[in-house]
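First chain A sits with chain B, and in the next complex the same chain sits with chain C.
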Partner chain A sequence: MSGRQGVALALTGGLLVAAPLFVGDYVLSVLIVFLLAAYLGQCWNIMMGFAGQLSLGHALYYGLGAYTAAALFVHFDTLSWFGIVAGAALAALAAGVIGALSFQFAVTGVYFALLTIAFDEFTRILFDHFDWVGGTAGLFLHVAQVKGTDLLHLRGSPTMFYYVLLALSAGVLWLSRALLRRRIGFYWLAIREDEPAAAALGIDTFWMKLVAVTLSGALTALAGGVMAFYDNNLYPDTIFATSSSVEIITAPIIGGMGTLFGPIVGAFLLTTMGEAMTDFGAAWGVPGLKQWLYGGALVAIVLLQPAGVWPWLCDRLGLGAERR
Partner chain B sequence: MSALLELDGVDKRFRGLLAVDGVSFSVPQGAIVGLIGPNGAGKTTIFNLIAGVFRPDRGRILFEGRDIAGLRPHVLCRAGIARTFQIARPFGALSTLENAMVGAFRANAGTEAAEKHARAVLERLGLADKAHAPAHGLTLPERRRLEVARALATEPKLLLLDEAMAGLRPIEIDAMVGTLSALARESGLTILLTEHVMRAVMALSHHIVVVHHGQKICEGTPEHVAADQRVIECYLGRSAA
Partner chain C sequence: MPGWVNFVVAGLLTGAVYGLMALGLSVIFGVVRVVNFAHGEMMVLAMYGVILLQHWLGLDPLVSAPVVAMALFALGYALQRGLLNRFIARPEHQQFLLMLGIAGLLTSSMLMVFGPDTASVETSYALDSYEVGPLILDKVRVFAASGAVLSMALLWAFFRMSRTGKAIRACADNPTGAAVAGLDVGRFYATAFGIGAACVGASGTFLLLLVDVQPYLGASYTLLSFIIVIIGGLGSMPGALLGGLLVGVSEGLSAYFVSPSLKSLFSYGLLILVLLVRPQGLLGRRA
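Moving on, here comes the complex of A and B:
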């Protein structure tokens, strides 16, 4: 990381830490949406951006995390964080099984991606008929009137959730950076670039891919668990929806896959753009204008900067190149 | 000299085609052995059998006396067999140094140790000044050198070079031959190479194995092979001979 990158990171970090002190409820809720998109994009980026394994079914891991945390809380009144960690473990197991099956039978590329959609859809239908967690009618978390902040039970104001997501995002940023500098990070990039060549250099591609998939799934599930206590209601048809998976991957693609900051930049851009266009659409009174503008902007970015906005921004701001 | 690698009656069949037909030869410790033959003779298939891409249908492949037939490529690399590809396959988004580091991590767990080793290998292959250049921007001769550097960085006992000089100009071929022979002389590395460029094969190899239609038709010293009637026929055709 260059000196200017360090300064930029410190400034942005400081701004994000201080933000709840001087923004209103509305902006805070938008920032929470931003941080969630950033975090989920970072998690997906480990698997696709680093190891080159395309998942189009990441809603599965988010959903498993959310449902595990919520169900344990509703039925057994367990500590919130216990359920969240249990959800991450379950998601890791699911990701491990999907990965092991695929990689053992050499299912790669788009076929692997199709398989991830299939497992997500399969789980959605399963949860539709899973009465213990409410089926299609949904699962609701009882909301006690808590004064102040109870971090242990994850009950409190949106500000608390903001800081939890900020911490998660910062944590996975640090983790990604550390992994990319080690042997495993080099191995992931080698597999992404050319798997047979990687294997010829002594890399056990099966295990390396499995680690990426499992780690990505488990980290994704953490956010699902946390957000279950923010949303307090869960429906299989929204949480496991393929559109949720697509939302997860949009930020890193727009921001720059395989880079450390791309998913964060992409999430910020998409969230602010979405909000601005909602206001714009409402002001003009044209129904559906927001979707048109949003879609158009996405197409424009992908056409003009296929490598993502962040590498281009690095260039423009003289921040030095970041590895892709 | 004891044999580092030994093929014993190896067959490989693709559907109806017998691509490799009862091939036996051995590569002595510390030797440079050339594997030559016309296009489609089965050279690359033999390489892929040794490197674990394919499993032989019959026969044994002994490395340091152990049958390695059917072991996976990464296992073979860890055992000490490194290979290059006929079409250079650099990790395009990584720098030249990072490419070599991927190989160097085979024997060096830490990033600093791997980088140090990778730099030494790049120096050896004359790529030191390209260390920070992205691999996708390298020229063909540089890609060929990187291919060798990356394999060498895994610290192999046996290096398999699959047409490492294809597409190079004569002056670049001479440079590569110089690098490889210096390497073998100084480090005692054993090399098995396939090559269409005859001046390179003749200059480098101590021993040459000739294959044609999947079968070994001749082996011996470069001089012996070059004078062999069957070899001349398979390269130049019957009427020419």
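Moving on, here comes the complex of A and C:
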């Protein structure tokens, strides 16, 4: 990381840590949406950006995390974090099974992407008929009036959720950086660039890909679990929707796949523009402006700057290339 | 006669329309090697076209089918010529993302123009049916399936007999060789994408006789097309029809024996199974 990048990171980090002190409720809720998008984008980035495995079904892991945490809480009144970790474990298992099956049977490229969608849609319909978690009618968490902040039970003000998401996002940023500097990070990049060549060099591509998929799935599920306690309601048709998966992948693509800060930059751009669009849409009575923005942003970035906004920005601001 | 027989026959008829829809995807992939993630969205666009034609001119959907197919041909041709031809040599995930973006743009644009409510066409024969022995066949289903089978027959003849069709097949088999032989590969790619779009346009017209439409339906039809094409074998014309019939029957049977809301579960299950066990599809050849 170059000196200027370090300064930029420190400034941004400080600003984000201090933000709840001086912003209002509305801006805080937007920042929560931004941090969630950034975090999910970072998780997806591990799998696609680093290891080159295109998942178009990440809503599956988010949903498994959210539903596990919420169902354990509703039915057994377990500690919130227990459910969240259990959800991450379940998602890791699901991702591991999907990954192992695909890699064993040599399902690659578009077939792999479609397989991830198929598993997500399959699960969505299962949950539609899974009465224990409410089916299509949804699952609701009873909202207790909590005074102050109860981090252990994950009950409290939006400010608490803001800091939890900020910590998650910072954590996965650190993790991504650490992984990229280790052996496995170089293996992943080799697999992404040329898998047969990587295998020929003696890299165990099966296991390396499996680690990327499992890690990405488990981390994604963590956010699902946390957000279950923020939203307090879950519906299979929104959580597992393919459009949710596309929303997850848009931010890292806009920002720059395979870079450390790309998903965060992309999430910031998309969230601010998306909120503006939602407001305009409500004011003018036009539905769908936000989805239009997401579609338009995807087309524009692929046409104009396929590497993403962040590498271009680094270049322009003289931040230097992202070094690890 | 057991009750499920009628469901199987209805499933076969619907499946023929699915087959035409998936054939469009198969042609586009087989020739241009572009994975059309906006396939269902293009079909929904065609469906709204049919509704507008009926609203303005009072046209019956069966009459507007060729009109809509031609409009979709023009759209597909322009899309390939103006945009996608530049992406042939780029990494394939960039194509996917571009098509996903186009799909999102189409869906949200239709949402803005037509609103979120469902819409449908009205026909004088909507509630009529034929009785063939113990079988009861809905007229709309028979018309839709006949239209789809006729379209597929025309397409087959086009690819086998016309010079353009043969040229497109040459471009699909070996683009470099075709270019060396003097064919304008970019133009034939555009024609092929146009033909695929026309297929999905026509199938949308026929399907509109059977279902209602709303802007968000696109994604599920895109997926359904992929399921069918992968089951039958990507790039295989008979495979698309076979896959369509299989999915149609599986939907009919699961609606009868289990629950209509679970019908796509079996299609996704079938897809996962085929992808893992026989990724080239039932009638496809390994690449």
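We adopt the following convention: the second predicted complex is superposed on the first by the 300 of 324 C-alpha atoms of A that agree within 3 Å, B and C clash if a C-alpha of one lies under 4 Å from a C-alpha of the other, contacts with A are read in each partner's own complex, and residues count from 1 in each chain.
Keep this in mind: contacts are C-beta pairs under 8 Å (C-beta built on N, C-alpha and C of every residue); 3 or more make two chains touch, one makes a residue touch a chain.
What you are looking at is a predicted structure, and each value in this text was computed from that prediction instead of being measured.
Which chain, chain B or chain C, ends up touching more residues of chain A in the combined arrangement?
Tallying touched residues of chain A, the top partner is C.
Classify the contacts of A:111 with the two partner chains as first (chain B alone), second (chain C alone), both, or neither.
It touches chain C, and chain B stays clear.
Could you say whether A:253 touches chain B, chain C, both of them, or neither, answering first, second, both or neither?
Second partner only, chain C.
Classify the contacts of A:190 with the two partner chains as first (chain B alone), second (chain C alone), both, or neither.
The first partner, chain B, only.
First (chain B), second (chain C), both or neither: which does A:76 touch?
neither
Is A:287 touching anything from chain B or chain C once the two structures are fitted on A? First, second, both or neither.
A:287: touches chain C, not chain B.
After the superposition on A, what does A:204 contact: first (chain B), second (chain C), both or neither?
In the superposed model, A:204 contacts chain B only, not chain C.
Hey, which residues of chain A end up touching chain C in the complex?
Its residues touching chain C are 48, 54, 56, 101-102, 105-107, 109-111, 113-115, 117-119, 121-122, 125-126, 128-129, 242-243, 246, 249, 253, 286-292, 294-300, 302-303, 306.
Spell out the residues on chain B that touch chain A in their complex, using ranges where they run on.
Listed in rising order, the residues of chain B that touch chain A are 51, 53, 72-74, 77-78, 82-83, 85, 89-94, 98, 101-103, 105-106, 109, 111, 114, 150-151, 153-154.
Which of the residues in chain C end up touching chain A in this complex?
Touch list, chain C to chain A: 35, 83, 90, 92-94, 96-98, 100-109, 111-112, 115-116, 215, 219, 223, 226-227, 230, 259, 261-262, 264-265, 268-269, 271-272, 275-277, 279.
Can you check the complex and tell me which residues of chain A touch chain B?
Touching chain B: residues 181-183, 186-187, 189-190, 192-194, 196-205, 258, 323-324 of chain A.
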